[in-house]
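In what comes next, chain A is part of two complexes: it sits with chain B in the first one and with chain C in the second one.
Coming up: the complex of A and B.
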């Protein structure tokens, strides 16, 4: 169990530290990379929750596709260093702090109210064979959540077509 | 010995075997094969001075890369410039974790499956690693602070994202017919039925062409097109950092060949042959690596035969030919599997 705990602490810490780095970092390219590391930390957490499929999807979709496109755009725009703000915007700063505190408080409250995990070490007994979650997810997507699934597909298609039209219009 | 210790030792032994084969046996000799093969195809001797038949040329090349001065240009992003080659090399080498390189060997009364990690998301894992490898190329291009490098990095990311789609869709057809994402199940299905390259010949061709694009090999080596971009993303690299780019190209080639063999050419299996016992297990390994070596030779053969594509041709091929073909292949396979009543 201590091994699992160490792994959890490491990957959760990694995810949080790099999420912070993403916000604080002044170079946009490095921010994107910090976010990539955060997603890797989250993928490890998903594996620890016995959901390796989700872990693979996080890496393929987020790290492998979306963030590469982010990087692509940032490089094309050639944003090297974020320009330093001249005015400090005191009101926004205070509001941001309040919002962050409220969100953190909410998350903390939910976590503390959650029922306590079962006591005792499950590792003492024989390890429960992992359920193959891929057929389960597939069946759910094409039965209970069919409408949502198709709606998302149509939405993505609409977005792709919209992007094409926008770029085409500029060219004409 | 407790089962846990046994599993740990078996895993370490398997990693040692796989890396010994890929890193020590295949990688250096591939460089020799590539250069001698180029010589053969272009009707010239190729490197033939170092050792018999020039066999020690790879050794000399590696030594040269170690001994050279490692120049870091003044205006590069030092951290990313250093990390980029490693980001490219590590995914290339870790792909082998899920590829079954043999059937199984009985050791101390237990059957040891010849695959390092027999996970149920194996094929997805390979695609995840491929998509992470892109960062190595893109970052090398960006961190070098050189317009040729940047263009090379951008080209490579656009190319890999485009071809990953058709590669993934054609692989999905294989997974649908095998009914599993586990590479060893895919191989077992092919051993029990027929190699996927026969019923899914379209998907197989699409996958192989996309694999050439994913590994940045000719005819898709636009990211390092020397006639236009000096050397593309690795223009500003020297000594061993350049060596790492060099190594990862060959490691990627080995990994891509191993994936082609696993998904379409029956992995370690041979038709009408069952591998049992220790010798059977070892023989199945020989079969797997022999098939892989064959596809590596195809990679080399194509490189010295075909000219480079133009960029618009590359994009047209990827989006207008390969992707529709792979989707069509998937639809046909899915329809057949569905009418048969599921795999």
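Coming up: the complex of A and C.
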């Protein structure tokens, strides 16, 4: 019980601290590396929410594939430092910060005050098993969500082909 | 906010997960609004997506519904596709303009 609370506080604190570091950091490479730590913290939170499979794909796909792709592009474009010649529009930036914080306060108030899911109407779908969730997810993927699954397959193919064409040197 | 009857209770109150997910979302939003490097903006958007995934998992856990995991799975798959295309766009943009600072990519602005 207290162990779980401690684990939650540690991983959530880690995720939030490194997310802040990601925003504050001026060097893109350091931003990416900070985000890797954030994603690891979020993977721990996913495990605590009885989603070990999701935690694994957060680590493998997000931290392992997407962020490495970011690193490749940063190295390719040789982006060392965010160019800091002058602040072009300070007012807009301040307003953006205020708006984001206001929206954050609003969202926090709403999510924390949201009522629990209505009692007596348990979801129609399969329940989350606390230990062995992968068979349940697999069965859902290939029954209820089969169309979405195939659509995602086509989407990934289209994205791969599109990325290839976009990054080709010459169009002709 | 307690889980439904028949669902294993959570040792950490779900509100804590909701708060953590919301805070991470807002940090990502601040990054997306304030950063000027297109790559950093993109990175912040990835953080926002993952924060929403966390909220999704929390609500799914409260309802005990395994569909939330499937939807988070789809979100991650689409994030991967989006990252591939977006980064290719940045590479093409850098070839054309020698910069990916969003302030200096203003051809369509006026």
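In this section, the second predicted complex is superposed on the first by the 141 of 172 C-alpha atoms of A that agree within 3 Å, B and C clash if a C-alpha of one lies under 4 Å from a C-alpha of the other, contacts with A are read in each partner's own complex, and residues count from 1 in each chain.
Simple rule for what comes next: a contact is a pair of C-beta atoms (placed from the backbone, for glycine too) under 8 Å apart; a residue touches a chain by one contact, two chains touch by 3 or more.
Model, not experiment: these values are computed from the prediction.
**Student:** Determine, for the superposed arrangement built on chain A, whether chain B and chain C clash or fit.
**Tutor:** On the superposed model, which is not a single observed complex, chain B and chain C fit side by side.
**Student:** Per the contact definition in the header, classify A:8: touching chain B only (first), chain C only (second), both, or neither.
**Tutor:** second
**Student:** Which partner, chain B or chain C, is in contact with more residues of chain A?
**Tutor:** C
**Student:** Quick check on the superposed pair: does A:53 touch chain B, chain C, both, or neither? Answer first, second, both or neither.
**Tutor:** A:53: touches chain B and chain C.
**Student:** First (chain B), second (chain C), both or neither: which does A:76 touch?
**Tutor:** It touches chain B and chain C both.
**Student:** Touch check for A:17: first (chain B), second (chain C), both, or neither?
**Tutor:** Touch status of A:17: no partner.
**Student:** Once the shared chain is lined up, is A:35 touching chain B (first), chain C (second), both, or neither of them?
**Tutor:** The second partner, chain C, only.
**Student:** So, does A:132 touch the first partner chain B, the second partner chain C, both, or neither?
**Tutor:** The answer is first: A:132 touches chain B but not chain C.
**Student:** In the superposed arrangement, does A:63 touch chain B (first), chain C (second), both or neither?
**Tutor:** Once the two structures are laid over each other on A, A:63 reaches chain B alone.
**Student:** Quick check on the superposed model: minimum Cα to Cα separation from chain B to chain C, whole Å please.
**Tutor:** Superposed model gives a least chain B-chain C C-alpha distance of 14 Å.
**Student:** On chain A, what residues does chain B touch that chain C touches as well?
**Tutor:** Of chain A, residues 53, 57, 65, 69, 76, 130 contact chain B in one complex and chain C in the other.
**Student:** Quick check: in the complex, which residue numbers of chain B touch chain A?
**Tutor:** Answer in residue numbers: 77, 80, 119-121, 124-125, 127-128, 130-132, 134-135, 138-139, 141-142, 150, 153-154, 157-158, 161, 164, 181.
**Student:** Where on chain A is chain B touching in the complex?
**Tutor:** 27, 29-30, 33, 36, 52-53, 55-57, 59-60, 63-65, 68-69, 71-72, 75-76, 130, 132, 134
**Student:** Any idea which chain C residues touch chain A in the complex?
**Tutor:** Those in contact with chain A are residues 1-8, 11-12, 15-31, 33-37, 39-40, 42-44, 46-47, 50-51, 53-55, 57-70, 72-74, 76-85, 87-92, 94-95, 99-101, 103.
**Student:** Sort out for me which residues of chain A touch chain C in the complex.
**Tutor:** Its residues touching chain C are 1, 4-5, 8, 12, 15-16, 19-20, 22-23, 28, 31-32, 35, 38-39, 42, 45-46, 48-51, 53-54, 57-58, 61-62, 65-67, 69-70, 73-74, 76-77, 79, 82-83, 88, 93, 96-97, 99-101, 103-104, 107-108, 111-112, 114-117, 119, 122-123, 125-130, 133, 136-137, 140-141, 144-145, 148, 152, 155-156, 158-160, 162-164, 166-167, 169.
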